[in-house]
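In the two assemblies presented below, chain A is common to both, partnered first by chain B and then by chain C.
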Partner chain A sequence: MTGPDASTALCATGLAFRYRRRGNWALRDCEFTVPGGRITALVGRNGAGKSTLLHLAGGLLRPTSGQLRVLGAVPGTAQARARVALLTQDKPLYPRSTVADTLLLGEKLNSTWDRPSAERIVREGDIPLHARVGELSPGRRTRVALALALGKRPELLLLDEPLADLDPVARGEIMAQLMTEVIERGMSIMLSSHVLPELEETCDWVLVLRDGRVELSEDVEELRASHAVLTGPAGQADILAGAHTVVRSRTGGRQLTALIRQRGPLRGDWHVQRPGLQDILLGYLQAGEPGHPAPAERTETAA
Partner chain B sequence: MIDYRIDRGSGVPAYVQILEQTERALRMGTLRVGDKLPTAKEVVAATGINPNTVLRAYRDMERAGLVALRRGLGTFVTRSLARPGAENDSPLRREATDWVARARAAGLERADVLALVTAALDAYDTEHDSTTPGDREGKKEDA
Partner chain C sequence: MKGSLWLAWRQQRVPAGIGAAALVVAAAVAAYYRSGMLEALHSGLFDHCEPGPLYCTRSDTGLPLLLDVEPLKYLGALNIALPVLIGVFWGAPLLGRDRELGTHRMILSQGVSRGQWFASRFALAAMTTIAFSGLLAGVFAWWWRPAADRSYGLFWYDNTALSGSGPRVVAAALFGLAAGTLLGLLARRVLAAMVLTLLVTGAVTLLLEWTHRARLLVPPHTYVSAGITPKPPMGEKWSTGHYGLITATGRHDDVLTCPFPSGAELKQCMAAHGYVARFYEANPAGDYWTFQWTDTAVLGSLAVLLTVVTVLLLRRRV
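For the complex of A and B:
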């Protein structure tokens, strides 16, 4: 594998997108750069713009303004299409086609096609080649769609909620499969997911969207190193606010729990824990919500 | 061959878990000089964790002189951490096994047993004022 920063997987400048029908902005002022060779978690609440961003990167939508580059190319152009694969949530497969015909179609539609890989992915899922796609379980359908996406040997694989309809065993298998592809080919992946525990130890870059804007685009190790979960007396809240970035804090009785991005030495009497990726992401997702902290805050357990 | 198990909920980064499991195996003598580690691809396929994490752990171990990468062949153990007395069949190990059995028979739980050992270690270290370098377990991240 080449160094993780050898190239750029995705780069957005002033990117904005509006669905004309609804008239509101799905993405606004998006600026970010995701290095190549990374496995990026695309995280955000429903409606934050994750699917829109993936559709833009896959060339299925065009930006309303600003620009987006995938592997340095304009999405949707022949140059980009040959190197980028997008697996959307609806997994557009022909339900009446057999698995074998589906793979054959992939072979015909793509200039580069790795038949052994595509067939192996299908075979490892115990999927009969003569079965009709429409009759497969959701997990198996996902596997076929993935075989189709990986068969074209993409350098960048975009996955919109790839694991949503899979059982835990299949999730683990598919994830391991993807990670193996990454190590064999140095492929970059961007995947959106709501299942935060699965992103832990899988992703090494995170892109967090909130209301169509980029909240975070950062290396996971750096995120972990720069953030801390503090527990201490509620009276100390003021000490934090000036010196650090308080992502989220809540008070329960006399105790304050805060997720901070540390900006210098820590003053005061705190119990300090290094947060997991999940804690950090959850903190950012909750922080921007209107009305938060909610009245229910006391019942929340300190993660 | 060592099988790495990654606990995603533990809060311990996966590359640290790989380092610790390797070191433990080296201390216990279940991994010895000349043994081959699984390839990064095998670890990734078995655990589903990020390949960069595995590569980082292997790089760190190589830098620490524990393993060496032989091009085209794999990664091999070059140094043992086993100390005389810590092997499976050593007298100390036997005594520890007997002692643990007595502690369990007396109704102590795992945490009680560990607390006893830790307390005894602490008392010993205080008395002899020795800080053993490389005691990973003593290092906590809350500083």
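For the complex of A and C:
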């Protein structure tokens, strides 16, 4: 039940997945550990493997090789199902069911069910319980789907692009609700999102995927502390490359702007700025794309 | 398991209700027409009729005497179409609807495993299918019995009776359900699954009708009569329409070489060609059950095979 790594939310070793036997790898060589009780941002460009990873963690897919553990359990087993909730990107619900029926479904299909909190989430969105799900706006449907996911009182909540359909007010409310759950019950959340500014305020762990590989898995505070945006004369690029990890650099005229992971004292004449999480993530996402050289050395993923 | 059964019932209660209503209507129609049929039989009008394939006629007008078996044949046709109806409207959406809406992802993210998701809904559908098809076959048998194997009624080899009654109706319905379920899993759209199911179950139904007609799975018996002695009466037997003559060496020739029913001409012709006996091919009435069990075995094993394939694909496809 509670193995030695029970306090970790997710742990992958050598995880790889491809949809077809001879197809491309959607994920490969994934090694990471996400501690429990965190809100983890899963970041990556389209096709980086975010949804695949969440589906694997939710037990909807099985790894082609390697292994993945959620709360120390194999995804998809009865043990994991009872403690992990997954909300997929398409937020599938039965369109002809009423909201009340949808919540009743959650109550019937789960061993634990928190009806008051599920109904509260729905009520806060001004959603009538007798309305048919198919007639709700996408944002309201998302809220119902979220109520279904939270009603089972998961210890790990996996959310694939949960906020895309919600208006700004609803986003704030939902995120506040989620953070309350994290604080009060020690729930872990992993959510994928393209809305980087939103992640800045809420997330305390980031997992960056690129082309199916894990680029970064690290605590947000450490990430902020170890990275710097440098501006200085273009001639100093070589000094940087040797001593630090250059995530991304851009030369404009004779001036060089670089996002680096600092590996010791800075030498040279630089204007140093502490970057926000958004800048760091954007740097990693842009690195390796045309016009931006990949990081000089692969960053070690903090375990 | 309790929760997934609850969901299965919620999703299948509408088709189950329609099925129950159809069953009630069929039973009511059967009761009404059967009582009319019994009345006609008790009137004594048919008492002089011999069993056999030849029509018996009214003594006064000379018109053929017939029971009204048309409605019974409609019920038989419904029973024959049962695998198509159940496959298209019950089997195809069983997994196909969740596949189309993506809702299986929602269900499987609750406390339900793939196995429970499939097993609960398929078991419920299979049980109701067995119950409905069994009862419909039973209603047919009950209605048919007074008129069975009479020239003024319905012979066992009429395809509405042969394919619309007995255990093969249940096996066929289960085959339809299994085919629809598998195609619902394979096709990503319910409508596509329904069309495919219509084609597959329709083709198998017609193929089995053809095997009956061709006596492919239940070969006919050859009835031989020596010389020009009268042939054994056809009675309730199902003739293949193949009559002929046999030489001393055992060669079978078509009846057209000596197309005479009896008498001196026949004797002369047979002598001229060296024929020593006559024969015809037919399935005796007892073959009703051979046909029934053969069909049941074929359709039942198809149903099991398709269900096994569905279970094996479930892990990879969902």
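Operating definition for what follows: the second predicted complex is superposed on the first by the 282 of 303 C-alpha atoms of A that agree within 3 Å, B and C clash if a C-alpha of one lies under 4 Å from a C-alpha of the other, contacts with A are read in each partner's own complex, and residues count from 1 in each chain.
Just so we're on the same page, contacts are C-beta pairs under 8 Å (C-beta built on N, C-alpha and C of every residue); 3 or more make two chains touch, one makes a residue touch a chain.
Worth saying up front: this structure is predicted, and the values here are computed from it rather than measured.
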*Touch check for A:Q273: first (chain B), second (chain C), both, or neither?*
first
_Taking the superposition on A as described, I'd like to know which of chain B and chain C A:V182 touches: first, second, both or neither._
first
*What is the contact status of A:L60 with respect to chain B (first) and chain C (second): first, second, both, or neither?*
second
_If we overlay the two complexes on their shared chain A, which of chain B and chain C does A:R224 touch? Say first, second, both or neither._
first
*Looking at the overlay, what does A:V208 touch: chain B (first), chain C (second), both, or neither?*
neither
*With the two complexes superposed on chain A, say which partner A:E200 touches: chain B (first), chain C (second), both, or neither.*
first
*asked:* So in the superposed three-chain picture, is A:A82 touching just chain B, just chain C, both, or none of them (first/second/both/neither)?
replied: second
*Thinking of the overlay built on chain A, is A:K108 touched by chain B (first), by chain C (second), by both, or by neither?*
second
*Mind listing the chain A positions that touch chain B in their complex?*
1, 4, 37-39, 172, 175-176, 179-180, 182-184, 197, 200-204, 221, 224, 271-274, 276
*Inside the complex, what are the residues of chain A that reach chain C?*
58-60, 62, 76, 78, 81-82, 84-88, 90, 92-95, 101, 105-106, 108-111, 145, 148-149, 152
*Hey, which residues of chain C end up touching chain A in the complex?*
2-4, 6-7, 10, 101-114, 315, 318
_Partner chain A, residues of chain B touching it in the complex_ = 6, 8-9, 11, 13-14, 40-41, 44-55, 141-143
